[in-house]
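Note that subunit A is present in both complexes that follow, paired respectively with subunit B and with subunit C.
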Partner chain A sequence: MASHFIEARGLGFSYDAESESDAVVALDDISLTIDEGEYIAILGHNGSGKSTLAKLFNLILTPSRGELILDGKTVTSEGLSDDEIYEIRKKIGMVFQNPDNQLVATVVEEDVAFGPENLGVPREELRRRVDEALATVGMTEYARHAPHKLSGGQKQRVAIAGVLAMMPRCIIFDESTAMLDPLGRREVTDVMERLNREQNMTVLHITHYMEEAARASRIIVISDGKILLDGTPKEVFSSVEPLLAAGLETPQGTELIHELRMLGFDLPKGCTTVGECTDAIFSLFKEKKDNNDV
Partner chain B sequence: MYKLEVKGVTHIYGAKTPFEKTALSAVNVGFEAGQITGLIGHTGSGKSTLVQMLNGLIRPQSGEILLDGEDIWARPKEIGRVRTRVGLVMQYPEYQLFDETVCRDVGFALRNAGMDEAEIDARVREAAECVGLEASLLDKSPFDLSGGQKRRAAIAGILAMRPEVLVLDEPAAGLDPRGRADVLGYLRRYRERFGATVILVSHSMEDMAQYCDRVVVLRRGEVFLSGRVDEVFYRSEELASVGLDIPEVMKIALALVERGVPLSGKLYTVDGARDAILELLKRRGC
Partner chain C sequence: MLSDITLGQYFPGSSLLHRLDPRMKIILSALYMAAIFLAKNAFCHLFTAIATVLLVLLSRISLRVVLRSVRPILYVLIFTMLLNLFFTSADGGRLLLDFWVIRIYEEGVYRALFMALRVVLLVIGVSVLLTYTTTPIALTDAIESLLSPLKLLRIPVHEFAMMMTIALRFIPTLIEETEKIMNAQKARGADFTSGSIFRRVRALVPILIPLFVSSFQRAIDLATAMECRCYRGGKGRTKLVRYTLHARDFVMLVLFALGVAMIVFGNLRLPIGRLYS
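On to the complex of A and B.
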């Protein structure tokens, strides 16, 4: 059987691990596997450890305990050499929350070229990569624009293009939609989905928006440094009580159905989309009507 | 009379240059006393310009901002007093924390205003309580707080002035669901306790539905829609035309209505939709 793209075995991380008294355990005993081409949403309350997990996958942080296997390369608390780290980061890119903190150049296409240029990618290849990356995120016409004049959603798409120009196989979005308006959020999530569908890109999307999470094919919920739930959106959002206890919520439709179920109505668990929820609730009225007819 | 009123305000950036941009064009909006009004609009709608005008950070090029019926720019030298009566919480206000302790930071504006220490202390404690910040955190450095605590400390710094009008630009952005509910809940309680008028800028239609009495939608520097939450939300097609979305639960309710289930009521919140469904089932069941 082919090995997994990312695998964690008893992975743990503590901040200030040097001094035992001050150590803060951010992640504890995480074991999971992620295959190439998956589209995963990661949910968790503020301080749950979800961003720490993302930073481990990208080797911004080194594990304190356990093992992490990234595309066949095992990482332990020993860490890796700089060269090995750069190899991993080429494969696993990251887009952060604040669009203003991750653009470095004064022209969009130069910003996109920044990563591969540092890798010493030859000129023609660089040109090709930048053009392709900008086309993928729909920002070709802004290639010569100044990044600071773009909208939040456009800036994030430029940041994504910068990662794409490194030709990664996986992109981690660490709350990359949190600071955007609804239009910007839609632009960025559309790009995520397209990359996953058309280029088989592995996408890890950390978010506080449940409707965004519902669009992924798998959801991992982290709470207090541990994995609380891991499954399809249907499975995860069926577990309303544990989600609420972890300071999270469900999509509104799921919540509505949950409340009706609590009142004794016979409705299916795990409806997430507007269509599913509408159908489920509609059935209540249909039955009543049928009964009346009898 | 409105508590705060924007009357015929126009504002153009870089007028008579090639970069001329009309941010607001003949805008009229009234904010009623004691109500929570939501302000929505996309990037470039003029929202930020308007918000900064409400407490006198930007002076309108034409038109007036009336506080209790008086033009706030009638005596420009006294604009500072308007800023204590109209408190503005900017986006990501925790970036503005700077003092040695939370207590000093929250009391900063009061100290500047020359209030005596005993009163400052009482006000700081009251503001901290308003946002659910434990007293034990007051002696800590603001930089040792968690993200959610920092946000609340920064909001407390404005509440300590006991503003009559509280304007908040995306106060819940970046917080997790529980943090969002906490912060928005505290605002509602501040309104109730002091009878304050609250203006809430948010991108979340769900939060608008849940917490606001009225909604104003801005579009390209003009008021596009304005009214009670239910009035505005029932115009879902117009909202969609400016890229705004009604809450998901309302979509479900309206889809049911379309399929012949005559639901009515506050369909834009989960509780409202649930009650409408129960009500109708009860009537049908009889």
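On to the complex of A and C.
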């Protein structure tokens, strides 16, 4: 059996787990596998449990039930020792939601160096890693700037560089785009995509923006602590009804096509990007015009 | 704007003083202070004054800025001078003025002048050596490095320095946040600028409470983020920036040491006049 990078078996998590009565079940019976080099978006509305899942993968939280296998290391409700957690966190980095609350130093490059400094990386190597990480996120020219003077998107890219400099194999983005303006969101998702494509980095992007999720190669939809859908963006977005039931919207184009299909128009299922939808509708009209239907 | 406040009043530059190792600058400041307080007679005071002028010239910071550093202590200065002037008695030399209960002796005048000179030189010298020419973060690093022997006594030097760094990092962020909250409260009709002092202080409560709440949230977030970046305290950590001592650091150290020696010598050998003991 090929081993997966991340594997969850019947994973569950409850907040307030000490008292059985008022425990809030955040995740229930989650089973999934994630391989190295995948680009996955985890979608869900607020309170669906998607952030809890991310926090379990990084061992900020310990599972309440079931087991989680992270790069061959099994985590159960017993948790791991600090040293074992440290080893896992070297491999799985995390970028958080609020860009302000994750930058430690007063100079950009010193912040990027924070992670590898903690790992005890020697100085020459540190320098190289910091420069490379800053170049990857396109922030080299800001190396000596103060973080508080940067825009949200830039801060978030510095945070990504800080994780990259630790050379993890997987980065989890826990709603890292939620507090950014459209431009900042574009910057950050571009970096994610490039990391996945060029460095074969495993990327887990937790989000509630459909357009961003559509850029991933696989989407996992979480609703009420359970996996609702799991598949390619095409597969997931063509299941319009379950998505709407989960309180999620499909991309506008996809929804338009869905509505048109309901009215009996002959349109393909599973168009996700604006381009695809435009093409589909365009060719439909063209066909009709050619047949003099319109 | 609140956010224009520069912390520690650092003035960017590339003068000799800017380029000195921050650790050396702390040591030099200590020597400088020792020299100022050791100075006992007119010759020594003249010497420290000239040395301070040289330091200011070396720092290439404009004289206006340097003099501004004295302004906050002006009242303390005047107060000290008056105390020295009126309350020096006993063997205070010639009596200059005797009016009602006020008696001013020659010695008192000198004491007042020298004390004022000392305080002014102290403030200018330390500002030029440290605060104007060293970034707060370099200062923190230097303090950590100089105090590192205390780690043997299990004093958490690294943790202390990390707290300083985080505080420095978050001051601008918290100022921004304060502005936001103030604007939000103003939009709801809060008034911070009129009424009695008590009224105004009371008006600050609705700013402080949200600020505290959000600061705690930030602290939790930051702690989680730091743990995720494998932070485990100072043990086994490497550092990106390391300060190295250059020839210029040692030259300055020698010059300062010579200066202190000069003062000690001057106190003993050159009692110009009997200005005061």
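By definition in this document, the second predicted complex is superposed on the first by the 290 of 294 C-alpha atoms of A that agree within 3 Å, B and C clash if a C-alpha of one lies under 4 Å from a C-alpha of the other, contacts with A are read in each partner's own complex, and residues count from 1 in each chain.
In the analysis below, contacts are C-beta pairs under 8 Å (C-beta built on N, C-alpha and C of every residue); 3 or more make two chains touch, one makes a residue touch a chain.
Predicted, not measured: the structure shown is a model, and the values here were computed from it.
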| task | Classify the contacts of A:Ala178 with the two partner chains as first (subunit B alone), second (subunit C alone), both, or neither. | result | first
| said: Let me test your reading of the model: by the given contact rule, A:Phe96 touches which partner, first (subunit B), second (subunit C), both or neither? | reply: second
| query | Of the two partner chains, subunit B (first) and subunit C (second), which one does A:Met166 touch, if any: first, second, both, or neither? | reply | second
| task | For A:Thr106, decide between first (touching subunit B), second (touching subunit C), both and neither. | result | second
| request: Quick one: classify A:Ile60 as touching subunit B (first), subunit C (second), both or neither. | output: second
| said: Going by the contact rule set out at the top, does A:Gly247 touch subunit B (first), subunit C (second), both, or neither? | reply: first
| query | Touching A:Gly120, do we find subunit B (first), subunit C (second), both, or neither? | reply | second
| query | Is A:His208 contacted by the first partner subunit B, the second partner subunit C, both or neither? | reply | first
| task | Would you mind writing out the residues of subunit B in touch with subunit A in their complex? | result | 42-44, 146-148, 173-179, 203, 206, 243-245, 247-249, 251-252, 255-256, 259, 261, 270, 273-274, 277-278, 280-281, 284-285
| request: Show which residues of subunit C lie in contact with subunit A when the two form their complex. | output: 136-137, 165-166, 168-169, 172-173, 176, 217-218, 221-222, 224-232, 236-242
| If you look only at subunit A, which of its residues touch subunit B in the complex? | 44-47, 97, 151-152, 175, 178-179, 181-184, 208, 210-211, 247-249, 251-253, 255-256, 259-260, 263, 274-275, 277-278, 281-282, 284-285, 288-289, 292
| note | Listed in rising order, the residues of subunit A that touch subunit C in the complex are 58, 60, 82, 86, 89-90, 93-94, 96, 98, 100-107, 109-110, 113-123, 126-127, 130, 146-148, 162-163, 166
